[in-house]
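The following pair of complexes shares a single chain, chain A, combined with chain B in the former and chain C in the latter.
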Partner chain A sequence: MMERLDRRQGLLAALPITALLAVSFLAPLLLVALFSIMPQKVFSVLNMPDFSSFGVIVSQGYYRSLFWSLSMAFAATVILLVVCWPLAYGMAKVFGRFSLVLTIAVVMTLFVSENIRLFGWVLTLMKGGLIEGYMRSYLGAGPDGMLYNVPIIVFGLVYVYFPFMLFPLAQGISMVPDDARQAATDLGATRWQVFREIDLPLAAPGILVGSLLSFVLAAGAMAESKLLGGQVVIVLADDVETAFTFGQNWPLGSALAMVLIILVGTVAVVGLSRVDLDTIMGRKR
Partner chain B sequence: MQINRRDFSMGMAGALGAATLAPRRAMAARDDQLNILCWEGYNTDQVLGPFRDLHPGATVRAESGTSDPDMINKIRAGEINVWDLINLNQPWARDQLYPENLIKPLDKERFMPFFEKMSPEFAKPYPLAFADDGALLGMPQRYGPFSFVVNTDKVSRETAEDQGWNLFLDPAMAGRYAVLTYDNWNVMHMCLTAGLDPFKPLDEAGMAKFKETAAQIFGGAKLLSDDLVALNTALINGEIDAYFTGGTYTASPARYDGATNVRAITPKSGPVDGKGGVVWIELTSLVNNPDPSNLAPQFLEYVQQPEICKAVSFAEGTYNPVAQMGNPETLALFDADELDAIQWDSLEEELSRALDYQVIPDYDALIDIYTAARRG
Partner chain C sequence: MAAPIILRLKGVKKKFGDFTALHGIDLEIEEGEFFTIVGPSGSGKSTIIRLLVGMDDLTEGEISLRGNRIDQVPANLRPTCMVFQSLALFPHRSVGENIEFPLKIRGVAPAQRKERAIELLDLLRLPREFYGKRIQQCSGGEKQRVALARALAFDPEILFFDEPLSALDYRLRKTLEKELKDLHERTGKTFVYITHSLEEAMVMSDRIAIMRAGRFEQIATADEIYARPVSRFVAEFMGEVNLFDVHGTPNGGLVGKGIELHVNGVARDYGLDLGPEARFTMMVRPESLRFLPAGETADIILQGVLTAQYALGSRIQYNVETASGVQITVEKLREDAFGGGIGDAVVLGFDIDSTHLIGGE
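Moving on, here comes the complex of A and B:
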């Protein structure tokens, strides 16, 4: 009885902050959702809903931007998994104290704004920039500019979202008990088998969380395609911006945003329903 | 002193009460405040500093937007209570803000005399500073021809001016130019490239022609960017030879840094009355703030002084001619390098070949075609 009362009190005490969070997180989303079903080019949600924006999205070929956003995010996520795995493994199992140094080094990059870091890459990769300039000076010839293509955008995504894959992955790998790996080796498992049957399944929560974070962030990213890619392809976030600004079409911008939110939200919910977040937070073993 | 819980609660209640009252007091004191929403330049210390010194008790704040529509969104979204002045390109004031009562007319008696000291194009006075009903919507200051920019080491000024927009349709130029994604400008310039008059409604054939031209220009572009510094850099290091669109506004920072081979071009001919170039003119207007600040019209007078005109013209970021350079006192404040940066030598000639940036009647349909072409 007492316990139930306690729990009720906890709930009541949490009510104000829950309400605040609901208002600050959900209200903007709700407003976007409302705007997305308004007629074209209105600036108030007090109109008859007509869903015309979604028709425009289909008829005007916005699926191209959606395709580029999602496929580049997917490519970046896969590359991040492959690149981060060895480092994450080292941080979790091998480096010991040195992994703290690594953590600080990677986190430090987050102190500098994403745009500034990407500009750094522009100066490095552009024609007459660090790489091409030195190559031309020493070798007499250099690549004819490395910017403004799709692979360089994916590179930018990989670079920017590196920490968001690395840390969850390291956390996930640290949950793989060494005993299990040793036992598997003792029983004659090859390295590949240990990787596939011990490491991968036991580190799955970390893999999933890292992948989700990277994918969700990359799908909504715009700076990489703008700065490194010279908008050689247009991503959906870019279309959202154009609709809100030059298009002066808030409903269309909102509808485009909703499409991305719903797609990415579904991926996130399905993904998260498959892992036990408590496990990775270390509260339960 | 001992504070018990009751006192504390009373104190908190008092504080809360004061907090709810505070905004009302601030509103009554609006003559001690001035909030300016502007293109970059008006928000610098060179421009605001002397005004703050004149009004030591006032809080003078200016924020720069990144595009006309961005700034208009703020006013639309309810910040009409916040801002006192808005500085925008002229058609937005005429087409969107004034009809929607977001700005209010200026006192003609107070402001008309300033036109007399402006450059000849503005002294008449400048007709597009007025609404169709004759109201004075705002004061012009910065302006500039805006068509395209070339590296004159690669494409000579003569060639560029003679070829005009056809330069970008030349197959030899494919992959050698960039597009500056000031989308509302590009819609107009793509019409001109297609040989159409953007300021008249287009028929079906016109729309088809526009679509074809937009596809061709995006198809041949090496890169797109909304960052003029990135495009000037690409122009200087040889990544591109020209960019569509640009003008003194975008070329001047590079020119002032010594890259005088970066040059804004105004085509010699074009489809609208023989003209193919475009000129933008900013208007600074009074926001229809329900609680207006007296400092707003005072600031509009203040920026007409020669020293302040110079500061507005050569504020950070980009450098632009100002209408007040028609006053010899103002013009005398510019040195040769500064005049060269804003292409003063050819400015008058370029203006004579440029159309006023106006409302594009088919903008809504054209921007859809434009963004679709941009997606490829």
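Moving on, here comes the complex of A and C:
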């Protein structure tokens, strides 16, 4: 009886914030979804729906930018996994109090705008920039500018989304019990076997969450390709922006956005359904 | 007919910074023995086992297995294996996969692995359906058996145990102690067991080593330790015991210090020099004392007042205080219970033959 009353009051108390979230998150999404099925170049959702925008996406080769967005996001995620694992392992198991310093250092970078940080790299890497300048001055020769190619865009993605991989991964690794690792070693497992049989499966929730965050964010990113890549390739987010602004074609922009949302959303839902979020949040077993 | 030595520790020393956890320990364990190391927390018993399985490096000394040095061999290459205090079962693997783990590591084919796992389930009297069960679905005692099966699947030369029963409730612990002893007999393997409970050690072990502050205080059979502890520490470690400070008399007898305890004309050979200056601790177990009815006598007689009594299941424990303030503990089986009440004047007696003298201290 009491319990039921509690539950009702909880629901009642949660109503205002639920309404706010619905209006602020769901409404724009719904609007984009509606616009995506409007005829070309209209500015109202009160038109007869057609799916012409999706036709345009196929016929005008927008799948190329989709390919670049997804494949660069994938590459960045894989590189992040490899780069972050040792550091995350150190933070979870080895560094002790030093890992707090590391956490603060990494989080601090988030206080500076992404664009400004990327411009820092532009100044470092560009023709006549920091690296080339020093090399020419001391060695007499240097690279002819390192910007404006696909690998440097992936580098930018790795750099920007580093914390989003590092922290979930460290959390995941900290959930691997030390005694399970010791027992595996005692039972004859080599380091590699301990990694494969114990670390990887037990840290899987962290690996999955980190990978999802990095991939989802990187797939929707555009600053890296604009600033570091100089639009050597066009990513999907670029197309969305162009359609809404220069192209004055809201339905096309909405349709492009919907394609990305559906693809990335599917990856996220499939991924998250395979991991128990409770274990990540520490409400363990 | 001593069995060959399987494990030998020579001058094993371990330091953590300035703290010396082990002061150069020597130990020989025989093939097929159930050897238990007992000590309070901080005595260094866990350090020994960590050195033995290779989870820590020793500072000085040698460990050899059948004559081969193993102290520099990495943990995963040592032919020994341990049952952890936490059991350290792999939570993401089924019971069967846990047991098969050491075989999988060695590259044994899946069919053979499963066959062996089923054999081990049988050996540990776990139902075969457990093969596919999740670890989280097992009870404490079942997990214990799975951990044992996994260790046996490794087929170790020596099986180490780091207090695996300490987290279980009393009844289950008692059952598993007996099962472990039984398993030892059936497998014929050498078991080296660590515990803080001498009682647990006595149930299972062939020999027991008692540790204190990084050294062995006594290494002997359970009977020997019970009847002839070498120090007050060992005597008290076992539970309730009466210890009297005594010293020798010029005529070769013993006199209790400050209490009305006279052992003149001692008829027993303690194997110690009872010179007039020598000081000893005389040990009398609580069950060796008896309440003397009027007219009966004993080698040594004490008078006092009953101050407390406690029911200990099958036995009853009495506290008696003598006129000079010495506290004495007596234990009797229920059927021999003392009829009187608290505050009664009592006469206690015990015989020379039931005493044990500890030299030194």
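As a working rule, the second predicted complex is superposed on the first by the 284 of 285 C-alpha atoms of A that agree within 3 Å, B and C clash if a C-alpha of one lies under 4 Å from a C-alpha of the other, contacts with A are read in each partner's own complex, and residues count from 1 in each chain.
Methods note: contacts are C-beta pairs under 8 Å (C-beta built on N, C-alpha and C of every residue); 3 or more make two chains touch, one makes a residue touch a chain.
A quick note: this is a predicted structure, and the numbers were derived from the prediction, not measured.
*Asks:* Following the overlay on chain A, give me a clash-or-fit verdict for chain B and chain C.
*Replies:* fit
*Asks:* Applying the touch criterion given at the start, work out whether A:R4 contacts chain B, chain C, both or neither, answering first, second, both or neither.
*Replies:* It touches nothing on chain B or chain C.
*Asks:* With both complexes superposed on chain A, which partner does A:K41 reach: first (chain B), second (chain C), both or neither?
*Replies:* Once the two structures are laid over each other on A, A:K41 reaches chain B alone.
*Asks:* Applying the document's definition of touch, where does A:Q182 land relative to chain B and chain C: first, second, both, or neither?
*Replies:* second
*Asks:* Determine, under the contact definition given at the top, whether A:V232 touches first (chain B), second (chain C), both, or neither.
*Replies:* In the superposition, A:V232 contacts chain B only.
*Asks:* Is A:R97 touching anything from chain B or chain C once the two structures are fitted on A? First, second, both or neither.
*Replies:* The answer is neither, since A:R97 touches no partner chain.
*Asks:* How wide is the angle at the Cα centre of chain A, looking out to the Cα centres of chain B and chain C, in steps of 10 degrees?
*Replies:* Taking the centre of chain A as apex, the angle works out to 160 degrees.
*Asks:* Is chain A touched at more residues by chain B or by chain C?
*Replies:* After superposing on chain A, more of chain A is contacted by B.
*Asks:* Classify the contacts of A:E197 with the two partner chains as first (chain B alone), second (chain C alone), both, or neither.
*Replies:* The answer is second: A:E197 touches chain C but not chain B.
*Asks:* Minimum CA distance, chain B versus chain C, superposed model, integer angstrom?
*Replies:* 46 Å.
*Asks:* Residues of chain A that sit at the chain B interface in one complex and at the chain C interface in the other, please.
*Replies:* none
*Asks:* With touch defined as at the start, can you tell me which chain A residues reach chain B in the complex?
*Replies:* So the residues of chain A in touch with chain B come to 41, 43, 56, 60-62, 64-65, 122, 126-129, 145, 147-148, 226-227, 230-234, 239, 242, 244-248.
*Asks:* Could you pull out which chain C residues touch chain A in their complex?
*Replies:* Chain C reaches chain A through residues 53-55, 75-77, 81-82, 84, 86, 88-92, 101-102, 104-106, 136, 150-151, 154.
*Asks:* Quick check on the complex: what are the chain A residues that touch chain C?
*Replies:* Within the complex, chain A contacts chain C at residues 177, 179-180, 182-190, 193, 197-198, 201-202, 285.
*Asks:* Quick one: which bits of chain B touch chain A in the complex? Just the residue numbers, please.
*Replies:* For this pair, the touching residues of chain B are 67, 69-70, 72-73, 76, 96, 178, 181, 183-184, 222-227, 230, 233-234, 237-239, 364, 367-368, 371-372, 374-376.
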